[in-house]
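Shared chain: chain A. Partners: chain B in the first complex, chain C in the second.
And now, the complex of A and B:
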């Protein structure tokens, strides 16, 4: 009896907590389809269905362009991080060379340095390279990930070295070995690094705000931030929420499909955006 | 004759070496120079010795932003750990069904951009029209000036940040709880230990490493608080939500005081390092 009460209470508590996590998002999405006067109501079903808020977003800011920018930058970065980090991770796990331990120690050291230290010099570097207001400023600093190298190195160590030796005896090149032999055996690591990299770069906003000033090159989070804080939305809440909904959508769709991978990737590494 | 491993090791590691020189080594060294300089990026740098640090010590806004960030952490971390422990303990009940549904729900804000979450909560917090206040009103509670009162604004941001990150820590703690052998509890039960005593003598010590990780990660995350006050309050009212990062951003990119901003950055790094070390000393246990 006591046990039954306890479990019912657990369900009640968990259910109301879960509701407080889901409901605000549902309210946000429904608010974007409501006429402006109805937005403040907690009801989730609009009395009249309207897409005016979305139309207003498209009229006021180049959100489509921002979406394309974000996709381009995120795809380039994710691809490059997967390729370059796994190459380095392979070198650190399956090749014995002088300096390997030193490189690994340097990596661990740089992981501990807060970004506040490198932020200003990185901006200066972008200015000197002439990359401010170009895609290069968004892509270059993220081309390789120390965390990705670390994760790949750990994972690749579990792949038997004999497998790699055998491929070498068959005359295969190291790059062939990495992408045709190591990769197919490392799908979980690739998924983890891929998801975390994509999510981080998609959601990143501080760096774009610093290096991009022209509207046509802004990524989605930056564009939406500017829209919400500047006067352009004319305090129309529905319109601001519509732009936020569009920003959330791609990651939410990915989350719905790869939920388990998202949760496992982030829980094992403890990384969030 | 260079061996195969020796040759390919360096070739394949070279992307990182190049990257390290440009992205880590140069910025760190350059920061170490900048802290002794006055520089607005237009005129040449001037060496000013320790002047940046003297300015920093006497800068009321820096101290204000540091205290604000401390207040944020002081609310955010205990609240987060308390709630995450509670939820993960509830979810760890073997006779509970629908675990993964709850887990997915708590995890949703973790994957969504901080920009979206902040824009959403800015509406929820709105004094006159926000959902939170209309809910409070319907319970007969007075309206709360969430973002317009200097005493409430930062706690309100800390509450939102907790809501955003909680799911991650629930999942991490849950994984830790599931690794505790049932037999430990059974043995303790036979010895007559109550549920609460079991929680503090078995559960907490067993998940100590994960708790430390949660504390350290949320400390580092908390010190990089930026976009939330940037969107929600712009640092106001009366600088009550000015975080250190927001302040660095303003000094560097609104006033172009590059030397001073670099000094703030290095000082923050030292403070983060000290706080994390202190936390480990205080909470890390070798059972």
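And now, the complex of A and C:
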């Protein structure tokens, strides 16, 4: 009896905690469908259903174009991070060469430098390369990630070295081994790095604001931010929230799709065997 | 199929201590060679050097008469069976076996024919479309063998392939690998720490310790003529009894007993320290001045192993049947003079 009460209590606690996380998000989504006057109320169910806010967003800014830009940039970056970081992670975990540990510790060190420090030098580089206001500035600096390398290295270490040597004796080249032997056995790591990279690049605002001026090249978060803060939304909270909802949608869908692998990998990397 | 030669091989991981040193071995085409030695003596390292997975620090490797030092593993055409099988977890048994053929410009039909033929030999036809996870240890072992066989390599390398199997399966697979060798007639190098496997399987045995070859010979040779005390006590089961003592005037005297070996005409400095070795089967029970206390009796049925306290040393004796001795009682033991070995105490080298 006492046990039952305890379990019920803990469920209640967990439920209210979960609610406090999800409520603002649900409220935002519901607010976008409310008529403008009703938005201030904390209710989750709109009294009347309206898509005026969305219509307003599409009328005021080229959000479709921004969406395509964001997808293009995020897909390129995610793909490249997965391929390049896993190659480096493989080298650091399964190849032997002089200076391996040194290289790894230098990489880890760069992770500790806050990005604000490298922001200006990076911008100067972009200017020197003539990449300001091009896709190159959005994609190139993000092509490989130390975080990805680190996570792949840790995960690949749990793959038996025998497996790799067996493939070598079977006649396969290292690159082939990475994608035909290591990748199929590293799905959780690939999903984790993939989702985190995608979310990171998708949500990034600061860097696009610095390097992109032309409206046609703006990514979604950049455009939404400028829209929300720049006065163009004319203080209509509904339209601002509608643009924010559209911004969040792809990431949410992606997470729901891959969450099983994602959780598994977050739970295993770092505290394996 | 190919002969194989290792010449003056030296391998170091850290600059000071070699893992393998001065290793020489010539293997004829079609021979079954067993490398045996305690764990950590460098057996796997030698296999990895032959396969090209590891470079040598010094020395030369020849396969089929050609120097192979800088030839990458994939071009050496050797196949290895790993201790943990190393099957690709995401592939079916069929794919595991076919994987090594895909690169070799063999057409699909031929691949399928070879895989199913090999599967038949190993009795794994029914498992071809399962993943390794759904197989038992013994079945995985067969698949690992199959993966090596379909490649039709010039040399097979086995790295303790049976050590993860239970005792019964081990005996069965031992015979099967041996039969496979008779059938394929390919050069095989088999690594184990189990001297019984070495004795039962090898045409010749290479006994290793701390990276040095102790002796190379047929099972009979290394059993009858061990070159040193390590080989003597490593080969044979139960192990040879070793008694430390002093050599004096044709006599061996240990704590608790003296043995007159003058009839064997040993030429060895007086009063030097020696080790006497005698196999458990060469000690007889009966009327004798040498008495020993029975510590443990292990009846096996056909024979019985007695653990005795003889002087300072405990020793083992094998007797026929199941005798009715009592633990704790004293019995007389006779050491067969003509079956005794003598080793120098310092170097361990055999004198007699």
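Throughout what follows, the second predicted complex is superposed on the first by the 239 of 273 C-alpha atoms of A that agree within 3 Å, B and C clash if a C-alpha of one lies under 4 Å from a C-alpha of the other, contacts with A are read in each partner's own complex, and residues count from 1 in each chain.
Everything that follows uses one rule, which is that contacts are C-beta pairs under 8 Å (C-beta built on N, C-alpha and C of every residue); 3 or more make two chains touch, one makes a residue touch a chain.
Please read these numbers as outputs of a predicted model, since none were measured by experiment.
Overlaying the two complexes via chain A leaves chain B and chain C side by side, clear of any clash.
In the superposed model, A:116 makes contact with chain B only, not with chain C. Contacts of A:169 after superposition: chain C is touched, whereas chain B is not reached.
By the touch criterion defined above, A:210 lies against chain B but remains apart from chain C after alignment on the C-alpha atoms of chain A. By the touch criterion defined above, A:71 reaches neither chain B nor chain C. Put simply, more of the residues of chain A are touched by B, taking chain B and chain C as the two choices. Vectors from the Cα centre of chain A to those of chain B and chain C enclose 100° in the overlay, to the nearest 10. Judged by the touch definition given at the top, the superposed model places A:136 against neither chain B nor chain C.
In the overlay built on the shared chain, the residue A:191 is in contact with neither chain B nor chain C.
When the two complexes are laid on top of each other via chain A, the two nearest Cα atoms from chain B and chain C are 7 angstrom apart.
On chain A, the patch touched by chain B and the patch touched by chain C overlap at residues 168. Of all residues in chain A, only 7, 10-11, 13-14, 17-18, 20-22, 24-25, 27-28, 31, 40, 42, 84, 87-88, 90-92, 95-100, 103, 106-107, 110, 112-125, 127, 141, 143-144, 146, 149, 168, 174, 199, 202-203, 205-206, 210, 221, 224-225, 228-229, 237, 240-241, 244-245, 247-248, 251-252, 255, 259, 262-263, 266-268, 270, 272-273 touch chain B in the complex they form. Every residue of chain B that touches chain A in the complex is listed here, in rising order: 4-6, 8-10, 12-13, 15-17, 19-20, 22-24, 26-28, 30-31, 34, 41, 87, 90-91, 93, 95-96, 101-116, 119-124, 129-131, 134-135, 163, 165, 167-168, 171-172, 175, 213-214, 217, 220-221, 223-224, 226-227, 230-231, 234, 244-245, 248-249, 252-253, 258, 261-262, 264-266, 268-269, 272-273. Across the interface of their complex, chain C is touched by residues 160, 162-163, 165-172, 181, 184-185 of chain A.
Residues 48, 51, 53, 73-74, 78-80, 82-84, 86, 88-90, 99-100, 103-104, 147, 151 of chain C touch chain A in their complex.
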